[in-house]
Each structure stands twice: as structure tokens, then as C-alpha cells.
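In the two assemblies presented below, chain A is common to both, partnered first by chain B and then by chain C.
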Partner chain A sequence: MERMTKAVKNFGLPRIIIIAFFLSLLVAAAVTGMDMAALLGDVVRRWAMYGILVLAMVPSIQCGIGPNFGVTIGIVGGLLAALITIEMRFYGFFDSFANGGAMMQVCIAILLALILSSILGILYGMLLNRVKGSEMTVSTYVGFSIVALFNILWLMLPFKNGTSIWPLAGEGMRTTINLEADFASVFNNLLAFKIGNFEMPTGLLLLFFLACFFVWLFTKSRTGMMMSAAGANPNFAKAAGINVNKMRILGTTISTALGGVGIICYAQSFGFLQLYNAPQMMGFACVASVLIGGASISKARIVHVLLGTLLFHGMLAVALPVANNILPEGNLSEILRIIISNGIILYALSKAKEAGK
Partner chain B sequence: MEETYALRMEHVSKNYGDNAVLKDVSLSVKPGEIYALIGENGAGKSTLMNILFGMSVIRDTGGFDGKVIIDGVEARFNSPNDAMAAGIGMVHQEFMLIPGFTITENIKVGREDTIPTLASRIFGKSLEKLDNKKMNADARKALDSIGMDIDQHVRVAGLPVGYMQFVEIAREIDKENIKLLVFDEPTAVLTESEAKGLLSVMRSIAKRGIAIIFITHRLSEVMDVADRMTVLRDGEVVASKNIIDTDIPEIAELMVGRRIEKLVDENETHYTHSDEIALKIRDFQVDMPGETVNHIDLDIHKGEIFGIGGLAGQGKVGIPNGIMGMFPAYGEVEIFGEKLQFSKLGDALHKGVACVSEDRRGVGLLLDESIENNIIFNAMTIKREYLTGLGFAHLVNAKKVRAFAKEMIKTLDIRCTGPQQRVGSLSGGNQQKVCLASALALNPRLLIVSEPTRGIDIGAKKLILEHLVDLCRNHGLTIIMVSSELGELRSICDRIAIVAGGEISSILAPDAPDVEFGLAMSAARVSQEVS
Partner chain C sequence: MSEKKSIWSKIGNTLIKNNVTVLFVLLCVGAFFASTYTLPSLFTELFTRLGRNTFLVLSLLIPVVAGLGLNFGIVIGAIAAQIAIFLVVHWGFTGFSGILMTVLICTPLAVLFGFLVGKLFNSMKGTEMIGGLVAGYFSDGLYQLLFLVILGGVIPINNSTLMISTGMGVKNVINLKDNLRYAIDEVSMLSIINVAFYAGILIGVILIVYRLIKKQDLQLKKLLTVLIPVIALYGISYVPAIRTFLSTPRLMLLNAVELGVIGVALFNIYKLIRLTAIEKKQGVPIKQLLYIAGAGAVYASTYISVIYQSLCAVHLPVLTFMLIGALCLFMPWLMNTKLGQDMRTVGQNRAVATSSGINVNRVRIIAMILSTVLASYGQLISLQNIGTVATYGSHQQVGLYAIAALLVGGASVQHATVKHALLGMVLFHTLFILSPNAGQQLLGNAQIGEYFRVFVAYGVIALALAMHAWSNRGPKKQRGTLVR
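So, the complex of A and B:
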């Protein structure tokens, strides 16, 4: 019995509650006669789809800036990269690849995202070095402002392709851009297979795991250890001859770059690019996921990402159809989804606040 | 006859996981008595006191068995606040100060004096104004009573450890309504004279009828002030005695379970003067708050053990901190003929200097990391050892690390559950040994150790000092030892510099008479008063 209570304590009661809730939702889904295979497929898809965005929290937490609310900076960088590749496709850049065009395009998009988001990440890291001690607040505001700034950019980009721009005005990006002709689902479909109605987005899942593996390798490397030392105890790091500010910039940059890659993986699975205010709240969801997974504002590991994303997004994936089923009025289920998702975010943030004291 | 006890702890047991740290420990302390708690590193002293004080670590790790009885009533403290309300004060081994607060604020935190205001008369006590004047005066009084002349308005962040220790003590002394005071190794970073001052303060507190529990590794202090004592070994009570019925050798034997010989053979003074200069310092200044170094010229020869002593606040701690680049430093420093560049971070490390900081938790350790990662960290980052190249990345070679950590654990007798134990969960003395191990892992040409035996028990101290001597005599390592403990400096150093007022007041031979050391230490005090 004592062992049991201790195990519970180690794992964290809130997480157990959330897992229980998740499981009971699944049971409810089964009882109300929903298509479980399809539902589980959806859970896995969303897990992989949001995974890299949540993974972006790990380097930022380890380097000492805390959960990166400003991951939106990386996200807009990734969106810009995707837009550029759409324009490239419009000019026939990927035509020579025949069937592999879409795959080529998404790879270029990821590469571009890495570059653009890294540049933004370096600048952002330099900014955060000037506001030590209030990173969480500042990064939240910076996340919001960058969205506003890019809203202007989206209106002014000189792109010409019909997929991206408003059809009538002839300029300015659309709010949602359909990726059907570009790279929608290329990763999801890679090596994908089906068991009954359960669809396995193999490529996307592998990509997510690969990203996790690289980040894990990094934490075990010399630089990675120097970075987490700088985050854990700046005085120790200084005594060890480590430039703490540089390490913080490094962590911020990796985090932001992962944000850029993450949004492309997300968008290809979703099938649409969402511009303007859409990314605004994404930072919160990412932070909440990793915290639910067991991370704190000063400590995060890959398992926290894996577990947290599965719980948070898996639960939303199940909650919505279940709610739809039980409460047929469309609005109600949407409200329920908002309540659940914001409830978890709120809980996670309050936990972050507590730990920050 | 039923005697009244201020505190009784009965059959207390505590496990950390599978590790039984306290086994059926009982002790009782009378009002006005100074009760010594003695034991090796990791014997469970701090744990017992954490239980008494309701520290959250205890509850978070599964609580404890047994009873704590205060004034005849069983107490169950859920937090240190409960313990304080019940009249218990504690000077922690690892300081509990708030860095951003001033000294006064730290002394008064949670017990602020207030003046009623109009708003507070209407809305209640929480709106009263802080009585800063009274608080500052009280803080001053507490600081004066232990002979500390630092300004009470200074922030605690960045203060030298010796000062933090004083602030920690002053906070407890200032408390009224106290029945029981716990001092967990308060003298570990103090010089003898400072410690003496503290001991007399303890005596006068005890005279007021307050019970005191005193933890120390300096057995002479125990003989000096304590009335009774309990010796813990591996979490068990091995003896409880009146001090008059015992002596130092017996206590030492009880602690360790075997007889302890004298610290390092004193008759061997091997100092063979080498002409090569290991460290040359000219017009050296360090801006370290509270430990300013004003002007120092010094030549340290290869292969010697050079001691640096002096009172807290006189600048002895500033010297290693300046060399290692922790605080702004000026002047000229040459390490084996190579000029040290202060502007380059970690330059001393790259030039073959390793340093054990006096502030082990603040600077010396990554508390959340394992013992092994702490031990190899500097060797891995600075010398790129313990790595496996993987093309683009250098990964830590877990196997090599484990092997070396195990070796260190054995050499320095680190009491732990294994190389993967979190350093933060080690006892204070064992954390100190990890710091030392990590400096040794660098395989330095010049080793600077600042308070190397802080909080280390007499058995381990002998081991460590002997190890240092061995490294010096047989492997040509040059060692600079900064210590507040004169006895320790005199037992192994070839020459000892006494720092006063940020300058070297004299360099003495280890066998120089006590008076000379005394004079050298007080030099600054005297001249300061004159000027």
C-alpha cells in the first residue's frame, strides 16, 4: 500500500487524473459505439503531428529560459518557409521530380524553416539574455507581437501564386492555404498502412521519433551538457568556463528552429497552412503539453514530450467526437473542447507559476 | 523522577527509498543545555534535524516513524513555519537565505515588525507599515553580538559563504520566544577566533534557558561548550554521554568505529624548494563583494603546498575567485610562466588550474545531476575527456565515466548508493568530496582548494588531507589551500600566508608560534581601527 501511494506521488496525481479521464473517454467512445480503430488512428496522428512542436520546449527549458512561449517565432518562420516553397512550386521548380515533387518540396520547406527560424531564434535569444529572470513573461509577449508583425508581412509578401494569395484582391496571403497541390500528407502517407480502419501515419511518426532521438543525442553530448549546466546553475557554468549567454542563445535557437520544423509537419498533416492569428495560442498548447507530461519549468526530458503530447492532444482527439456523439448540438461540443483544452493549459500554467517561486 | 525536557525524539526512523538513514534514534534535550550531535558524514545528523524542523524533503520522501515531543506534547510539524511557531529555530547546514533580499530582510523575513497605520486599523494587520528602523536596529544588534561588522543593508546575493553563515546565525539569534535552537555545522567556514565568538554566544543563549542542539565536526568545540552528546553512526545511536565523562579520542572512536590516529604526520616537512614558479601574482586586485583583494604580490613554487588563511571578509577567499574569473580581477597573474587573461572565460582552467569552490552548492555542484556527471563535468568540457566522437557530435562515454566515478568514490570514501545518485541528495560532507573529485578529475598542474574540508568529518578529513599531500609529494602537484581552519593549514602546508585587509600581512612557516599567527590575522583589524 505504501509502495502504491509512493508510486502515485512520484507519477503525480494530476497526471493520473488526466490519464484516467483519457481512458474513460475511450471507454465512453467504445460504449457509444464509435469506430474505435479510426479514433485511435486519429490519436496517433495528432500525437505525431504536434510532437515536434512540443519537443521544441526541451532545449529551451534545459538552457534555462524556461518553457518557450515564444515558439510562435519559430512557427511563423516555418510558415514563411512553406509559403516560399509554394511560390517555388508555382514557378515549376519541383516539376522535374515527377512523383517525388511533393516530398522534395516539403524537404526544402523544412530546410528553409530551419534556416529562417534559426536566424529569428538567435535574435530572440539575444533579446532574452537582456531580460533574465522574466523570460516567461517576455517570451509570451514576444510571441504575440511577432504574430502581429507577421500579419503585416503576410499582407505584403510579393507572391503571385493563386494557392496562396486572395483570388480577388490579387495580393496578400489567404488566412488558410490549401496544401492539396503542394505537400499535404506526404509524411503521413509515407510507408503508411491500414489495419481495418486504423491508419498508421508511419512517415510522420518516424520523423517525430527521429527528431526526439536527435534532441536526446544532443543532451548527451558535450555541448548539450554544457547547455543544461548553464541552465541549471549559471554560477557553476561560469566557474567551468562556460559562456552562459551563448548557451542560452543556443538553446533558444534550437527550440525556435524545432518550432519551424514542427509547424511544417503539422501543416502537412492538417492539409492547410494557417496564417495570421492562428499560431497565436499554439505556444500555450505546447507549453501545456510538456508540463502535463511531467516537465517543470526548469527540467524537461524527452519522455515528458512523448507522454505529454499523447495525453494532451490524444485527449482532445477523443473528446471532440465523443462530445459530438453525446451532445449532438454542434456548438456544445466545440465549447467543451475549448473548456478542456484551456483548462489543461490553465492548470499547467499555474503549475509552472508555482514551480517558478 | 520525571525530568522536564525541552525536546524528546523517540524511536525515530527514516528511509530514503531503500536506504535506511535513521534507525530507532532517541534523544532528549533539557532546557538550557547544549547538546552535541556527532557523527560521520552521512550518519544522519542533518536528516534528524530536518525531521525536527518539519522540512518538506522529509514529507515528500515518505515521512518518518517515531515521535517528536516538545515540552511534553507530541508535535507533528508539516512545515518549518509550524516548527518556528512552536519556538524552534535552525541554522541550516546549507543556508536558507533569500539572495535578492538584504541582510536585514533575511534576518527578519516572516517576522517583520510593523507599525499600525490608518488602513491597518480598519482592514487588519496585513496592511500595517514595516518598521524599517526597528528592523535594521535589531539586525544590527544580532550581527554585533556575533562580531560581524558588515552593513545590514547589503544584499545577500554574492556574499561570501562566511558572511552567509553569519547572517543565517544572526537570523536565529534575533528570534524571541525561542525554546530550542539547532545549529547544523555553523562553524564549518569560520576561523577559530570567529568560532570562539559564536561558541560564547551559544553559551549565553543557553543561559537564558534555551536548549541548543549543536552539530559540528570540530570535536574541540564539543568539549568546549557542550553538556551532553549523542554519537550517530550509520543512522544508529552508538552512545549518549555527558561531556565530562569523555574525551576527544573516545568520541572520535565512537564516531568511526575504530581508532583515529593524528592528522597527517606532522614531523615530515618535506618542503624541497623548487626554483620553478607555479604561480606568480603581481599587484593583484579582486572586486569580490565582502572579500575584496586590494593588493597582493606572491610567488608560489612548483610542488609546494601553500596555505592562505585569515579571518572572514579579509580577502582570502577573493584570491581563488579572482584567479578563476568568478569576479572582476586586475593585475598580473602568471601560471607556469603563461600570462592569465582575465577577460577570457575559463582561462585558468585551460591553463591547468583546477579549483574547489568554498560555495559548493552555489558554484561547485549541479545538484540535480548524478555524482558521476558532476565528477567528470569539467574534465569533459575543458579537456574533452570521457567523450566518444560520433562524427558530428561528441557524446559522453558513459562507461568510462562510470569507471572513473567508481574509482573516485573509493579513493575519497564518498558515502552514496552508487555513482548515479543525485548529488543534491548526498549529505553535506559527501557533497564536498564530490567537489574535490571533480577538481582532481581535471588532473591539474595547480590545484586551488578553498575550504576543502568544509563539513567533512575527522576520518574523511585525514583521508583527504593525506591524499592531497600524496598528490603533491609524489606527483608534483602544486596546491594552494585556502582555509579558515588554521590547524588544518599548519598540518600540511609548507608556507602559510595570512591575508588581512585584502593584503598579505605575513607569510609564516607552519611551525611558527601561535602568537605570530594571531598577530598576522588581527593586523588589519588594528590598522583599520587606527585609520
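So, the complex of A and C:
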């Protein structure tokens, strides 16, 4: 019994509640006669869709800056990269690839996102080195202000293609950009197969696992070990001759770059690019996911990403149709998302030991 | 020569220290000249916004003193106010009695919420600010659950004007036009004087009776010095011309300035006479003369046409500004009480506070309760002026704009005063009013100006937080070198 309570304590009460809730939602869906295969397909699709964004939390937590609320910085970098490739497509850049054009475009978008977000990430990491101890608050508000700054940029970008800009007035980017003509679902459809109504987004899932594998490989490498050491105990790391600040910048940059790649994978699955204020709260959802998976403010592993994303986004994927079935009016699943994601962050904050004191 | 240099370097230092404020002054001046606004039109909007939001900004001060940082959780106070407003509108209260009813409902709610948030913050010392922000979002979720699902879904509410036609959930907008709108703003001076008169008489009688029973000294002289002006004002209010002036719902800013000038002048003349004639002090009383001259100069300046027009354009809601003024006086008073001193000690160093016998957790909870209650009143003042409640939106940005305004005034995470709040309100809202127009004029797109002001709000907070964390590292570094 004692062992069990200890196990429960280790696993965390909110996690147990969420798993129980997830399972009961699945049961409710089955009972109300929903198409379980399609629903599970949706769960898997959502899992892979949000996965890389959530993965971005791992390097940031390991390098010691805590959950990266400012992953929005990487996200706007990724959005800019995607916009640039749309403009390139408009000028016929991908025409020569015939059927592989969309795939080529998304790869270039990812490459560009890596570059742009890394540059932003380095600057961001340098800032965070100057505000040790209050990274979470600062990164949240830096993230918010970057989103607002990019709102102005979206209005002023000199792009010409009709996919991105408003049709008549022609000033500024659209709020949501349809990717139908660009790279919508290219990863989802890669090697995709269907069992009944269950759709397997094989390519996207493989990409997600690949990214997880690379990050795992990195954390096992010499540099990755040094980075985790710098995050876990900065003073000890310093004594061991590790350049703590450099490691923090490295972790922040990887996290931000993953944010940039993550949003492109998200957008290609979603089918739309969402500009303006859409990315503002995405950081919170990512933080909540990894925390639900079992991470804390100072510790995170790949397993937490896999489990947390599946639980949080899977739950939302199931909750939406179930909630609509039970209560057609009202925005129950959205309310659920707000309460659960912020509740888990509050829980993690209250469990964290006081920083530096 | 050296003295002069030190003055210049002093000025330079203050400018650098208050860089955010200085930058904002420059931005405001620039935006004003870029925009098509005139001084009167700017004044009108600015004073509307000041009346609306100053109370909310002032509610941020107590947690800063108590070391809890910027209270992003005032959103929760605003939520308490909106729940109370919904109930009051549903039950059909109107006018000032409706406001009193709202206060009656939202105070216990806000106390409860503040207590809970305080408890929560005690378990996350050091990360209260991010905690407050997340707690705000969290309670927004609970609020939506209450207003969209529970009201009407679980608790039946029959009210077709408030509820969505399906009967479940509250509509997007609660219209206050026929019940609470301007219920605080348009309380006339006449009613205020009447209430003050009756309350004054009542309190006076009670005090005299109490002292007679307890056989204490009556202190009649002290009592009369307070009561006589009140009675005199009440008497004067029966003069027909004055009565019509007093019974207008709002006070023109020009008249307010005139009244203020007359008040200052009379008070100083009285002091002057007392100093020279009764106390027979030697030398010229320069201070009083300067005050009188200043009052005269202010009065003279109202004859400048631009200033005259601006002052005529603004009609002040009297009670609202009186409440704000009262809160401005309450803050310094609170800081001088035992509780205020405890808060200051807790804010400076929790370990020291504990060792000197202060219950740190209790003081922090009290600070959060006070802040939450004041924030709920602030939201009430703001909403009765706007006249509509966006059920799912009115509370959301409250914390952001209030905190940005406070920081613009020169406050920091550890130090904030009434002065910072007032200066910040003027600067922040001036830019807020001007930037869409200035964006339209400069770049041909009002949207840019609108995004710019949002960017400024977030940016100011990010900058202040970063600078706070930055300067916090200084002493630690020094300590490190000492150890070495």
C-alpha cells in the first residue's frame, strides 16, 4: 500500500486524473456510438502534429532556462520561412520539380525555418543569460512582444502573391493562409495508409519520431551531457569547466529552432498558416503538454514529450466531438483546454522548489 | 562650476534611470504632432480613460510593496466584479443602489478569490508573476465554464435579455444602459454634499453621545472644525445659482481648475494672515506667496485659448475622481500603519521578516486580498463608464494594460508608488489614444498603430522584467567576488 501511494505520488495526481479522464472520454465516445477508428486516427494525427512543438521544451528545460514559454519566437520564425517559400512558389521556383514541388517546398521551408529561428534563438538565448532566475516571466513577455512586433511585420511585408495577401486592398498578409496550393498535408500523405476509417499519417509520425530520436541522440552526446549538467547544477558545471552561458544559448537555440520546424509541420497538417495573434498562446499549450507528460520545471525527457502530447492533444481531439455530442451549444472543449493547460502549469509551478533560495 | 556640472550629471542620471518614462514622453509628443488630434479632443478622451482605469492601476501597488511583484492576477478581481454585475443586472437593480448591491456581492467574492490566490502564491514564492499570469488564464477558463455552461445549463436562469436564446450560457454582451451605466460617474455634487451633510451630522451626534456615555472629553472644537465646513457647504448649496451648478451630473474641468485655484489661494492667504498677524513671524513668508502666485499663474493660463478650449471640453465624473483621489490618499496612509510596515519588511526580505516575528504568509495573503478587492472595484468603475460588459472579453486585458501603464510611469517590480501610477496612466493612455491615428497619418495604415500600441504594452513589460532581473544580478556577482 505504501509503495502504491509512493508510486502515485511519483506519477503525480494530476497525471492520473488526466489519464482517467482521457480513458473515460474514449469510453463515452464509444458508448455514444462515434466512429472510433476515425477518432483514433484524429488522435494520432494531432499527436504527430503538435509533437515537434512540444519537443522544443526538452532542450530548454535541460539547459536550465525552464519551459520555453517564448517558443513563439521560433514559431514566428517558422511562419516567416513558410511565407517566403509561398512567395518563391509564386515566382515559379518549384515548377521544375513537377510532382515533388510541394515536398521540395516544405523541405526548403523547414531549412529556412531552422536558419531564421536559430538566429532569433541565439539573440533570445543571449537575453535569457542576462535574466537568470526569472526566465519564465521574461520569456513569456518577450514572446508576446515578438508576436506583436511580427503583427506589424505581417502588415508591411512586400509580398505579392495572392495566396498570402488580402485580395482587394492588397495590404498586409491574410489572417489565415490556405496552404492547399502549397504544402498542405505533404507529410501526412507520405506513405499514408488506411485501415477502415483509421488514417495513419505515416510521414508526419515518422518525422516526429525522427526529431525525437535526434534530440535524444543529442542529449546522449558529449555536448548534450554538458548542456544537461549546466542546466541541472550551474555551479558544479562551472567548476567542471563547462561554459554554462554558452550551453544555455545552445539549448535555447535548439528549442527555438524546433519551434520553427514544429510550426511548419503543424501548419502542413492543419492546412493553414495562422498569422497575427494565433501563435500567442501556443507556448502555453506546449508547456502544458510536456508537464502533463511528467516533466517538471527543471526536468524533462523525450518520454514526457511522447506521453504528454498524446494525452493532452489526444484528449482534446476526443473531447471536441464528445462535448459537442453532449452539449451542442457552448464551447466546452475549448474551456476544457484552458482549464487543463493552465491548471497543470500552476500545479508544476507550485511543486517547483523556490529558485535559488 | 563643479556644482553646475553635478546638477547636469544629476539630470542626466535621472533621465537614464527613468529611460522608459523619458522614451514615452518623446513618443507621446511625436505621436501627438504626427496625428490629427487637437489638444481638446485628446484631453476629452484622456480624461475618460483616466477615470476608467486609474483605480485598477492603483490596485497593483500593494502586492509590489509586499514583494509579490506585479500582480498579473488582478484579472481575477475583475472576474469577481463581472459576476456581481451579472447578478445585479439579472435581479434588476438600477442606479446607485445597483452599484451598492454590486459592491456588496463582489467584495466577499473578491476576498475569497484573493485569499485563494494568496494561498497559491505562498506555494510558489519567487515565481509569483508567471504564476499570476497563468492563474489569470486558469480562472478565465473557470469563468467561461460558469458563464457558458453552468449558468442556464445547471442553474436555471430565466432572462431572455441576458441569456443566449437556447437558455444555456450568457450572451456575449451585457448592456448596462438602463441599469448601471454612469451610476457612479453621474452622481451630482449636490447629492455628494447632501450625503456628506447627513453622514457628518449623524457621525457627530453618535460621537457626542458615545463620549458622553463613556464620560470622555467631548473634543467639540475638533469636531466642529470638521463639521462647520460641511454644514456651510450644505447651506451654500441652497443658493439657487450654486444649486443649479452643483446639480449638473458632471463637473467641467475648467470649473474644477478654478475651484482648485481658489481653494489653494484662500488656504494660503489664510495661512499668510495667521503667520504675520497672529503668530507674528519675522521675514517674508516666501512659500505661501509662491503658492498664491502659482495659483494666479494657473488661473491666468486658463485664458490661453487652447488651454481654455481643452479645459472646457472635459467634463469630469465627480464621484469617480473623488474615489480615485481617496485611494491615492489611502495608499500612503496604509504604508504608515503596522500592516503597511509589515508588508514593506516582507517585501524587502522574507527571512528578516520571519525572524522579527512577522507571519510572512499571512501578510502576503492580506496583500493579495486587498489588491483583488480593489481591482474588482476598479473593474466596476471602468464598466459602469463603458456601459457594456463584453462578457468574455472585458476582463482579459485588464492586467496587461494596467501593468504596462504602471511601468511606463517609472515603477519597477520592487518599487511602485501612486505617483508612478498617475504619471504612467497619463503617458500610456495618451500613446494609446494617439497611435492608431498617428499610424494612419505616418504609414497610411491605422492597423499598424494599433499593433504598435499592443507591442508597446508587451514590450514595456518585457523590458521592465528584463531590467529587473538584470539589476538583480549585480549584488549577487559582488557577493561572489567577495567569497572568492
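The rule we apply is simple: the second predicted complex is superposed on the first by the 323 of 357 C-alpha atoms of A that agree within 3 Å, B and C clash if a C-alpha of one lies under 4 Å from a C-alpha of the other, contacts with A are read in each partner's own complex, and residues count from 1 in each chain.
Keep this in mind: contacts are C-beta pairs under 8 Å (C-beta built on N, C-alpha and C of every residue); 3 or more make two chains touch, one makes a residue touch a chain.
Everything quoted here is computed from the prediction, not taken from an experiment.
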item	value
First, second, both or neither for A:16, with chain B first and chain C second	neither
First (chain B), second (chain C), both or neither touched by A:30	neither
Partner chain(s) touched by A:156 [first = chain B, second = chain C, both, neither]	second
Touching partner for A:240 - first (chain B), second (chain C), both, neither	first
Partner chain in contact with A:191 - chain B first, chain C second, else both or neither	neither
Per-residue touch tally on chain A - higher for chain B or for chain C	C
Which of chain B and chain C A:210 touches, first, second, both or neither	neither
Which superposed partner A:303 touches (first chain B, second chain C, both, neither)	neither
First, second, both or neither for A:218, with chain B first and chain C second	first
Partner chain B, residues of chain A touching it in the complex	2, 6, 9, 217-218, 220-223, 225-226, 229, 232-233, 235-236, 238-243, 299
Complex contact set, residues of chain A against chain C	69, 127, 130-134, 136-138, 140-142, 144-145, 147-149, 151-152, 155-156, 171-172, 284, 327, 329-332, 334-335, 338-339, 342-343, 345-346, 349-350, 352, 354-357
List of chain C residues in touch with chain A within their complex	120, 123-127, 129-131, 133-135, 137-138, 140-142, 144-145, 148-149, 153, 164, 166, 168-169, 443, 445, 447-448, 451-452, 454-455, 457-459, 461-462, 465-466, 468-470, 472-473
Touching residues on chain B, where the partner in the complex is chain A	60, 62, 324-326, 345-347, 349-350, 355, 357, 359, 362-369, 373, 377-378, 380-382, 384, 387, 390, 393-396
